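The two complexes that follow have subunit A in common; it is paired with subunit B in the first and with subunit C in the second.
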Partner chain A sequence: MATDNPNADGFGEVSRVRGIAFEYLSFGASVFGLVALGVLLVYVAIDAFDLANASPEWLLTYFLTLVGPFLAFCLYSANDPEVTRRALGALGGGLVVVAALFSAIEAFVAPIPRLNWQLAYLFVVAAPTTAYLAYVGSRGRLGAVGFGLLGRLVGGVAIGLAVGTLFLVFDALLWFLAYTLGVLPAVGLYAFGRVRSAPRARTAAAPVGLVGLTAAVFLRDVVATYPSDLIIYLWTIAVPVAAAGALLVADRSGRTAGVLVGGLPLAVATAGGFLAAGAGLPAPTVLLVLVLTGVPTAAYVSRVVDVGEGVVGLALPFLLAAGVIVGALIVEALGVPAPDPWLDASYLTEAPSRTPSEAGLYPAIVGSVIIIAMVAVLSFALGVGTSVFLEEYTPESGPLGTLTRILQVNVANLAAVPSVVYGLLGLGLFANLLGLGIGTAVTAALTLSLLILPITIISAQEAIRSVPDDLRRGSDAMGATRWQTTKNVVLPEAMPGILTGTILALGRAIGETAPLIMIGAATTVFRAPDSLFSRFSAMPMQIYTWAGFPQADFRYGVVAAGVITLLIILVGMNGSAILLRNRAERGS
Partner chain B sequence: MTDSTESPDLTRRGGLTRLKEGTYGGLFAACAAITLLTTAAIFVTLLSDAVVFFRSISIVEFLTGTNWSPNPAGGGQAFGIIPLLIGTLTVTFTAALISIPIGTLTAIYLSEYATPNARSILKPLLEILAGIPTVVYGYFALVYITPALKATLFPEMSTFNALAASIMVGIMTIPMVSSISEDAMSAVPDELRQAGYGLGATKFEVSTGIVVPASISGIASSYILAVSRAIGETMIVVVAMGAQARMPEIQEAAFGIPFINPADVLLESGMTITVAMVQITGGDLTGGTLPYNSMFALGLALFAVTLVMNVISDIIAQRYREEY
Partner chain C sequence: MSNTTTDDSLITTEVQADSNDDRAAPAAGTAVAARDLNVFYGDEQAIDDVTMEIPEKRVTALIGPSGCGKSTFLRCINRMNDMIEICRVEGDVEFGGKNVYGPNVDPVALRRKIGMVFQKPNPFPKSIRDNVAYGLKIQGYDGDVDARVEESLKGAALWDEVKDQLDSSGLELSGGQQQRLCIARAIAPDPEVILMDEPTSALDPVAASKIEDLIDDLAEEYTVIIVTHNMQQAARISDRTAVFLTGGELVEYDDTAKIFEDPEEQRVEDYITGKFG
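This part shows the complex of A and B:
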């Protein structure tokens, strides 16, 4: 750096002011968008959770019972005096600075609407510090175990709810037949072939499965009596999941552990399912949530106990749950006025309404889940197929190379087509010409699949390209055909990257609104869709509709809650995509 | 990952294997063909209805008309694209005023000034800006930005206005400018920077005098992409800008020079091409009517403009790239 040289006097002077000003200007520019977004998100969170009406006592109670123990856990896991000092310094110093600054602005400049210094402290100091400590803590063994358990619990609940939602639309009876006649025999044959190394049995698996599926479709209307829904889910999902978990664990740490890991959650889930049926709750969903949460959790606990490191970390979920309960008890006992959040359980489980306090997002959430599930299958299959074709099957030069280049340019251009135009395509082609219906879930899923297909292809191509060529050559040298190389070497290596890209693209699809408007998706539906051809609404669609309502309660309350719900789902999806990528990077 | 238990098959491949190979190859080719079919389908869908539209409304009338009212209450439809173009240009231009300087400065900071640590944090965070659903941005503009602007700078602003929407479109497109420009700047070889330092240039002079000119083709192509994204942006403007196709009042300044007061356009509601399309879907969607077909004509215009801009940006990036 010429300007830093203290011996430069002899060469004349260079002013550093301009350079320093420019550096800070460019730094300011790069955080401008982020700060703007951050402020908007703070406001929308305050509106959704009604934090403007939260009394300081309420905030303090939960800060002490929930956030405090969590921070202590992270600090204990990080086990680094430097981090502890820094964190406590930030929390303590931040309190003084924020309170002083905030009061000064309020006194001398202008009052800041719907914000007090406690909230400012919460969002400006406490939230970033917590995020930082969670990051640092998760790198310790203890924290990794705690967050791993927490992640499995939350992920299991989310997947269980999503699967339960899908069966609102897809025919459970057909699935029962298909599973019993097709999937189960095929998997059984394949596993038998694998274990006994009988290649014939493995080859036979696919045809047997196909025959079974066909038979299921034919028998669907012939069979008159079916077991109850709960038994179907128990037989087709809960038992296989438990069995898979049990087999995995038995392989690793012995038969007893395997039986425990499979059997215990299955028993709990079955009991929970029947109890829920008695209590009038949706029993199948309860069963699914319990088993899909229980089995991975139990498998994880068994592994942690086996390894014997950071077992204390397993206490994290209990710590958080205890924090919530104790906080609620204290609030109740002291009679502290609590905020009345818009985003609560009834918001997520009830239909939209004209009165803001009764409005809910449930049908829209169901619509979104169903569309995204279909989009995921379609765009994943098409995206992987296209990218494999472009990367593995076409030459780079020659006349076929030209075709590859054309395809490549075409994909790049498709990625830049505005989403409304895809909406027009869906309206003109799928809804009207092919007669799939205006505003149906199928039309929406096809349209959105085409919309995110270019993004999926581009990221899948990158993942396939990053597989080292040595692996391909090695496989070729063993006499593998191109498909065998692709199936056995390239796809397994590239799969984490492909999945990451697909999930990120799905995040784009879940927030798209313009194509849904163009294909005539309903602005508001009061019942969850019950078939693929029923009219549906989706979360962004509902947000769009409500944003147009003039009442302040809708604008600042109901929509804010919807926005937060959508963003939480987005963060969850993108977060799992990033975790997947990090894990794959660490593994290779 | 091949099974070690399988004994190597050194005989000539059987018909079954060859059939399997061909089937999978064909399947993948079919997937790839779908992407081509999508482009073709977009063209055909847009063209077929647009052609029907242009049979009733001449292209000249469409391109020069100053009145847009596809579903008037009293009759007398009019399909003039000029008011929509004014709306689209207003939003695009204002958004570019935000995204281009900020995005360029961000790119310079990331590629020249930021420590590797700061870059690894800032880059994914900036991508978040492009990942937020646009309807959420529209909601922000309507519910937070407009009241804030009204309370501070422009008390006479209307609830639905172009300015708040443009600001949000600008913020959303910052990462498009910054990430592509940053890629171009990072590709400038270090020798050029070192040579600059060797001549006694300061870091500021190297950044603005060497790195930026050397990567100007990438920077320009990022601008075009960001502008094309802003043109096609729908939900932010639909939610925050309202839906009034208006011609701004043309005023006369000194010496009779006509001008348009920017406040007339920015602080009032307006209508972009995309908003006009969304507006029509409120009516009949089964096809056959003139407004339905006009939607496809607008879509064709939008598709053509964005396609041309992408091709231009591609050409600039390819042809005028400095090879090192």
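This part shows the complex of A and C:
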């Protein structure tokens, strides 16, 4: 590629034209892709929240009460005059540029549908700047504390809701017996063995647990009376979670703090659980959400107060909540016309309906959560097991080595098989041959597990392979068995990579539609599934169905709201994968 | 090996052996013995009919040019060669009076009696405490783990430097400290023999000299077998020296002083004076 020019002075010149052309072409292509996706998301968001009908006054009010204080908090915690100057410059300059550009395009080129310049400003300048400032602020001491708290609140609610959803399916009475007879004695024995250093108690833990679990299955129909669901959840989940939090904090900052961290959220959650029925809410879910939000939050707050740094940052959630409330009050008082978003609380809690304004995604969300929980467990266990076997246990040569190589190549090929083929496999194998039923949640979960298994295996293999051989040999030389080396050295070191790969693969599973169609998943169900063998619908399935409805409100509003819900869940999952990886990388 | 690859430090070597060593007398019993040992990697012979006896509670150095089979010999003692699939071993290696390649020997159980330290420090990505306690943990040790951790770290001359940070990661230590951590890890389960495969070649001279002092102390309690490229090091710290030359041949094996001052073989003299290497 290099062409020397012997006639020039110096050492001659080397042409770089092709390299530069390549650089700018790739840059242009990636920017074009991102911009196209961005525009699509902007329109989907506008549809989902009905922002096209938002009046400028409404936007301004919320900008002042919600976005403004949030920006101020981020700038304050970023603690850097340069960031402040640049942010204000971008916000102010962006306002002028967007307004001018927008007016020019509307005047000279073409009208831009369903978008006014204030909205354009919101999406093109304000949202990216806010995200950037949140990122900068979240690394500051104050901001980190606030965002950490926010993360625990949101994450706790999400996990609480997911657990509550799962208990729609799993038999609470069986779980109650299994926990009381199996899990609790086993954990107790193990803890006793650890504290008193009695190895026999520790060894006994596993058999005792197994016996208890087996006994629970048989006693399920024998025992006649059970406590109420709320008591069961209180006893089997809320109390252990609170106890774990209390132990953790007591170890760090004393017994009083521990009791407070465990006891206070437990008391609030219990009260909330008993009062929930009066408010028409499902009591067990309220209990689970409150306790799973409360205990991590309390543990975090206690640590922040202990360390004494950035306590002000804890005010961030209150700042946001106050912003929403004040904004709502002002809008109400001024009588400003407010948009009517498709994506609202009732959308998330109601069943699908024939009228667009009443349509909801709830049964599909529950279906997706159930499927994804099963897929996560199945694909993680199978994927890690297979990759450990392929990487650590199989020889490189001989007939077994050949077999391994054939397996490896085929696993890689399976990752490229179209999902519709997996759907067909699921239909034939799980639904018909094994008789798990057409369109049931368990068939879908097994099919999707099979679909992402190759991806999980390959990423787990990569993670295991990246563990340095030095560590394995160090462990082997200490007289560790293959299993001890794998369990104590290889898996802990590879776990962040394995988790990242698995969560990214789960992101693919949650968005799959084709295999669900093949196994006969329902397009629309009106009740959340209440067992693994009941008919279900999943979010992408429901969205796909709505997209085919004749009414425009379905095709634009309701579908857009579904897409946003799905994307938020996906971004949440992938974000947590990235956080996990970063934290683990910093840890080692 | 050709002359062009000779290590600079070897060319001018006129090494003085550690002649005033109080342990030089060969009164000790035999810890490890090799009889007619041949090792092959595929078709290539790495060790050629080696027979030697290594005394207990002494430092025995294995020296020789690269690729002469000294590391292979070391790995035969705790059967780490088993991990290399193309490796084939013929002959006997006796440890504690038993052939480690005998039919009833479990290599994992064998390795629990033989500690090993590698060329590159390889602490586990765990806390310092967990690193040292690793051997105890996998062997299901019942006693006071913390006491053994402290004892081992003291034995590896690392205790004073890390006693306040036992819970921080072993990877946060410097290279020399990491290598001493690996030595502490190796001695924690109280092995009988410690194998060291060029333990100082990845370290700076100051860290290396600390390890050398430590090896001297370790020989009070353990049999130490060390592979090294550094001839001064072998002369300084070892009681017995075995010289391997290309092809896996054990050319000469004697007291260190004898090897460095008056070797029997011309080839050995050429090697240690840097004419060949």
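As a convention for this text, the second predicted complex is superposed on the first by the 559 of 588 C-alpha atoms of A that agree within 3 Å, B and C clash if a C-alpha of one lies under 4 Å from a C-alpha of the other, contacts with A are read in each partner's own complex, and residues count from 1 in each chain.
Keep this in mind: a contact is a pair of C-beta atoms (placed from the backbone, for glycine too) under 8 Å apart; a residue touches a chain by one contact, two chains touch by 3 or more.
These numbers were taken from a predicted model, which means no experiment stands behind them.
Student: May I ask you to decide whether A:P207 touches subunit B, subunit C, both, or neither, giving the answer as first, second, both or neither?
Tutor: neither
Student: Is A:P199 touching anything from subunit B or subunit C once the two structures are fitted on A? First, second, both or neither.
Tutor: It touches subunit B and subunit C both.
Student: Considering only touches as defined above, state whether A:G89 meets subunit B (first), subunit C (second), both or neither.
Tutor: So A:G89 meets neither subunit B nor subunit C here.
Student: Given the touch rule stated above, what does A:G511 touch, subunit B (first), subunit C (second), both, or neither?
Tutor: In the superposition, A:G511 contacts subunit B only.
Student: So, A:L382: does it touch subunit B (first), subunit C (second), both, or neither?
Tutor: Touch partner of A:L382: subunit B, not subunit C.
Student: Between subunit B (first) and subunit C (second), which, if any, makes contact with A:G479: first, second, both or neither?
Tutor: Both subunit B and subunit C are touched by A:G479.
Student: Using the touch definition from the top, say if A:P227 reaches subunit B (first), subunit C (second), both or neither.
Tutor: neither
Student: Contact-wise, after the overlay, does A:N488 reach subunit B, subunit C, both or neither (first, second, both, neither)?
Tutor: both
Student: Just checking: does A:D470 make contact with subunit B only, subunit C only, both, or neither of them? Give me first, second, both or neither.
Tutor: second
Student: By residue count, which of the two partners contacts subunit A more extensively, subunit B or subunit C?
Tutor: B
Student: Go through subunit A and flag every residue that touches subunit B in one model and subunit C in the other.
Tutor: The overlap between the subunit B and subunit C interfaces on subunit A comprises residues 197, 199, 475, 478-481, 484, 488-489, 492.
Student: Sort out for me which residues of subunit B touch subunit A in the complex.
Tutor: Touching subunit A: residues 1-3, 5-6, 8-10, 13, 17, 20-21, 24-25, 27-32, 34-36, 38-39, 41-42, 45-46, 48-49, 101-102, 105-106, 108-110, 113-114, 122, 125-126, 128-129, 131-136, 138-140, 142-144, 171, 174-175, 178, 197, 200-204, 207-208, 225, 228-229, 231-235, 238-239, 274, 277-278, 281, 285-287, 295-296, 299, 302-303, 306-307, 310-311, 314 of subunit B.
Student: Name, in rising order, each residue of subunit A that touches subunit B in their complex.
Tutor: 1-3, 11, 14, 16, 18-19, 22-23, 25-27, 29-34, 36-37, 40, 43-44, 197, 199, 381-382, 384-386, 388-390, 392-393, 406-407, 409-414, 416-422, 424-425, 427-429, 431-433, 438, 450, 453-454, 457, 475, 478-484, 486, 488-489, 492, 504, 507-508, 510-514, 517-518, 520, 540, 543-544, 547-548, 555-556, 559, 563, 566-567, 570, 574
Student: Can you check the complex and tell me which residues of subunit C touch subunit A?
Tutor: Listed in rising order, the residues are 78, 80, 83, 85-86, 108-113, 115-116, 118, 120, 122-126, 134-135, 137-140, 142, 169, 171, 182, 185-186, 189.
Student: Mind pulling up the subunit A residues that touch subunit C in the complex?
Tutor: So the residues of subunit A in touch with subunit C come to 197, 199, 395-398, 468, 470-471, 473-481, 484, 488-489, 492-493, 587-588.
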